[in-house]
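Here come two complexes built around subunit A, the first alongside subunit B, the second alongside subunit C.
For the complex of A and B:
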């Protein structure tokens, strides 16, 4: 029967061309939508790599009277001690402007002896940063006072950068080239998804906030005890404002994450809505074309019933024809889709594309099956004598 | 071979009920070539459809080869038609998107027959109707007579015991009509196939063994042709 269906489809190739094109385009749309969903889901499954609950961010403008590096470092010490004096504060650490869930980023190319140039996010962090966020070290150590006397600048990198720059081998004690400087790796930490739940893990390099950088570092990450409330926040704001003398803003990191996630989800939702409309159009189109075909083929259906086809086998044949057509459309679609993992388009893992291809194929088959089912059943209900008489 | 007992067929609309067949009792014997005649709308095709299990009677029983068909399921009826009956229609009912050979193979698709055997049987049937040189053609490339020959080949490919022909020469000129009639007579004579033919043409009807006349859905005459035309 399959060869019979192929013959029928091949002999009607002109009529089937548009239907195949429609299914092919639907497959490509679904492939794009599923690629985005699979990518977002993979990112979602990956843990954040740090704790953001009960972490507040206090941002301020460094007072104008603080001019020298030493006074800036001293000023930070004063602030840190003031914060630690509050019983509700667990820990406080300074960060550059691209702290987790901030809307800013700083990146550049870095290289090593093994690898030439990979794009990396740069972060500035003080000695307490790791403790505030409860992030995990994989090897080596985080920054400490001892690094004040280090001969060369020291950095901590994340697992992903170690994999890309040092091919997964231990990076401790090795050097990273950046803008003519040689940065010594003293620690490797677990990946941190600092741009939100649905964003991918990126290469990360942490530089220590030393006296030279203190002047430009005006964000404090404050880990508070659970239950720290608005009353305490007001008290904290007052104390910091008095000490700093310029405007201070306190934000909660969990709220920043929610905002960041909304920004990640908006394009996905837009794409889903557009894709959804396209799919509804395609479904209606397929349904209409199949229904039209069946009405046009009533005489053929009547004849098939007369020569021995049951209503069920007529229905199966029409659904089978639609599935064969969709297979042809999918084969063309697969040829294009498979280029994405092969050519590493958009630098996504091959697994994302392969899962998206599998989901798109399944989706198109289910869609075509459902769209063909009702017209197929209608055809099965045609009484042979009536269908033959209409001719 | 075919027994119709008290067959009635009526069509009901919102306002009226039309009686297409009224208490028809008819037996068709094995190897017989029977023709049915009557004016347009008298119920000839309806009767043929009921004999061919393409339509169900409103009342009465249809027995084929001694088997009551009234309570058979759709699947059983389809199987029965496939195994026992071949159909020939006035308008040929060929599938234009399939080649001649594929059209003839059609009934065998619904049997457990291998592809090679299907081709073999279809070729044999086409040879019998004299179309062995038109196997790769599409129906649109054939004349009316050739199309009807293809339809006959399709009807006989499964070697059915019964052939039901609904005005098989109705769309053909007299020469082609005679050719088709000769073919049916030959099939009846050599293969012993029971044939029931609906026709408007007295000349064709007189070549058959027996003539049944219908009028307004009722059977008004049933004679062997020797008695009628002798």
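For the complex of A and C:
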């Protein structure tokens, strides 16, 4: 049956060539759209890993009179104490520029005894960071005052980095190589999706803000009590401005998350709208062309009916032909699409591509099936006497 | 003869309304997306308010220090000291606007928070960028040198901070914990123009960081304006000559690089596409063309498919015309003209739809203060796209049709 359909198509390869090209291009478009959606959905499923409600971020420029490491550390202590003196402030912790939902990124290569050259985000965090964000530790502990006297620099890594760098084995007490330094892992924390709801979980390595790093950290994460309002924020702003002396900005993390999510959603919405209209366009076109082709073959269909084919088998043949046609197009499309997971283009997990391929194959089949259904039904309704009489 | 073609085309369009609808839908939709996209690009790149002098200006948005030993490099906006000392003293530019990148700070009014984007500028900033003053006037060189706390605010800030007051010049606005006296109010600028956008413009002398610090890197940008467009290349050379003499601050680096670019190039050079050797515009144009090609491929294929069906439907007409001696080229010409008429119809519908969409975007203020329009250039480009569209989708079906044998064409009836 299928080989027969194939022969029918081959006989009209010139006419069918354009149809196949059109289906092939639509497959590629759908593949791109589905890859984006599957990726976003995959990311969306992971929990955020921390709490951002009632967390504010105060960013400032380090005043120029603070030059030495000690004075910078002292300055941070002063700010921390001042913040904690407000009854509405639950906790305050310092962070580098790449605090959650910030635009800034900072990453570097690290290696361990098991693995070389793994890219990871580098975060600077102080002892209170974990409590402010209410993130979870999996094993080991977060930084504390005791680390002031530790011989080698201490770090906390997230679960994903433990999986990639230590092949999932317990990393506590092991060392990470970073540009000549040996960093001691003292804790493993749950993954934090700190770039937004629709972005992937990334490797993370947290360094403790020591006296040397204090000069370069000028962001304070502040957890406030629920219900802290703009009046309090104004008061806080004034107090911080007076202490710091340079420009200060206070932002709310929930607003920052909304903005980050918009950044991931807007391109997706544009893609969906454009892809959707392209597909409507293609569907209408396919429908028209199939309908026309079937109408042109009235005499052939009439003949088949006359020698005893049922209406059902005629419409089955026509729908089947369209599906074989789309299979040819999909085979070419698959050849190109499969290169993406094979060549690891765009650094996405292979599963995303495979799911996207499956979805787009199903989508094209359904689309072609629906477009061929009505013309097929029409063909089935042809009366042999009328069709043959026309000849 | 064209009149005849036109009549035939309209008759054919009326015959199979469903096919006509598909064709028109495809054309007009594709065109709508193209027009809206071009309107955005046009808005971002042409000389819009207040940057009306872009064609005779060069932008210095970054300086770079490069180390040859370990291929290290550092990019940053320039310092005020650098721009004031090396750029303001150039001979070709008639005016040099120096301003900081806008920084967000807060203002609190009526127990509400207001995010204020603050920009420090010099006095020539107000000459290079032609802001429309709704009231008051810019601060003067005298005021800047005295370090007076005066400010020019945007119309949006006036509305958000002062409410419905008719005039606010002379009143005080408190932002970033500092009181500024309002000197003028300007029409707001969309955020898509980072060099001229801000809510609050104040003299650089009142900046909280020390603008006199003798480093090369900082947070400032400069726009040099030449007397005429013809002086721009000369200005670029003069700047390059001065840059070649400057040594990096840091001993780790060997080379100091900074390039004065046109507005568009200054952005693309700082993107991953550009580098200090080439601005990256050609790469961007290439990427955009490839995308455009792919985007137009699907509707074109669709149109070709439909056109083939429609033309083959008229095989009897073609047979008769051929039998009476019409040459293939006449027939091809006729069908291409017919197809162009169809695409032009789609084009007009597309322009109407995009006009409605752009109006909607403007009215809902999707991007604050951005006013998208369909201007002459955009229209011209879309017309060109239309003609290409019509030709490509018409040529192949017409060619296939013209090769029909008279006998087969007549017999298939």
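Keep this in mind: the second predicted complex is superposed on the first by the 378 of 391 C-alpha atoms of A that agree within 3 Å, B and C clash if a C-alpha of one lies under 4 Å from a C-alpha of the other, contacts with A are read in each partner's own complex, and residues count from 1 in each chain.
The criterion applied here is as follows: a residue touches a chain if its C-beta (ideal position, glycine included) is under 8 Å from a C-beta of that chain, and two chains touch if they have at least 3 such contacts.
Fair warning: this is a prediction, and the values are worked out from it, not measured in the lab.
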| item | value |
| --- | --- |
| First (subunit B), second (subunit C), both or neither touched by A:3 | first |
| Contacts of A:12 with subunit B and subunit C, given as first, second, both or neither | first |
| Partner chain(s) touched by A:313 [first = subunit B, second = subunit C, both, neither] | first |
| Touched partner set for A:302, first subunit B, second subunit C, both or neither | first |
| First, second, both or neither for A:64, with subunit B first and subunit C second | second |
| First (subunit B), second (subunit C), both or neither touched by A:385 | first |
| Dominant toucher of subunit A (residue count), subunit B or subunit C | C |
| Contacts of A:241 with subunit B and subunit C, given as first, second, both or neither | second |
| Touching partner for A:278 - first (subunit B), second (subunit C), both, neither | second |
| Subunit B residues within the subunit A interface of the complex | 45-46, 49, 52, 54-55, 74-75, 77-79, 81-83, 87, 89, 91, 93, 95, 97-99, 102, 105-107, 109-111, 115, 138, 154, 158 |
| Parts of subunit A lying in touch with subunit C, wherever the complex brings them together | 15, 18-19, 21-22, 25-26, 29, 61, 64, 229-231, 233-234, 237-238, 241-242, 245-251, 274, 277-278, 280-282, 284-285, 288-289, 292-293, 296 |
| Of all residues in subunit A, those that touch subunit B in their complex | 1, 3-4, 7-8, 11-12, 299-300, 302-313, 383-385, 388-389, 391 |
| Touching residues (chain side subunit C, partner subunit A) in the complex | 18-19, 21-22, 25-26, 29, 33, 103-106, 108, 111-113, 115, 118, 176-177, 208-210, 213, 294-295, 297-299, 301-306, 308-309, 312-313 |
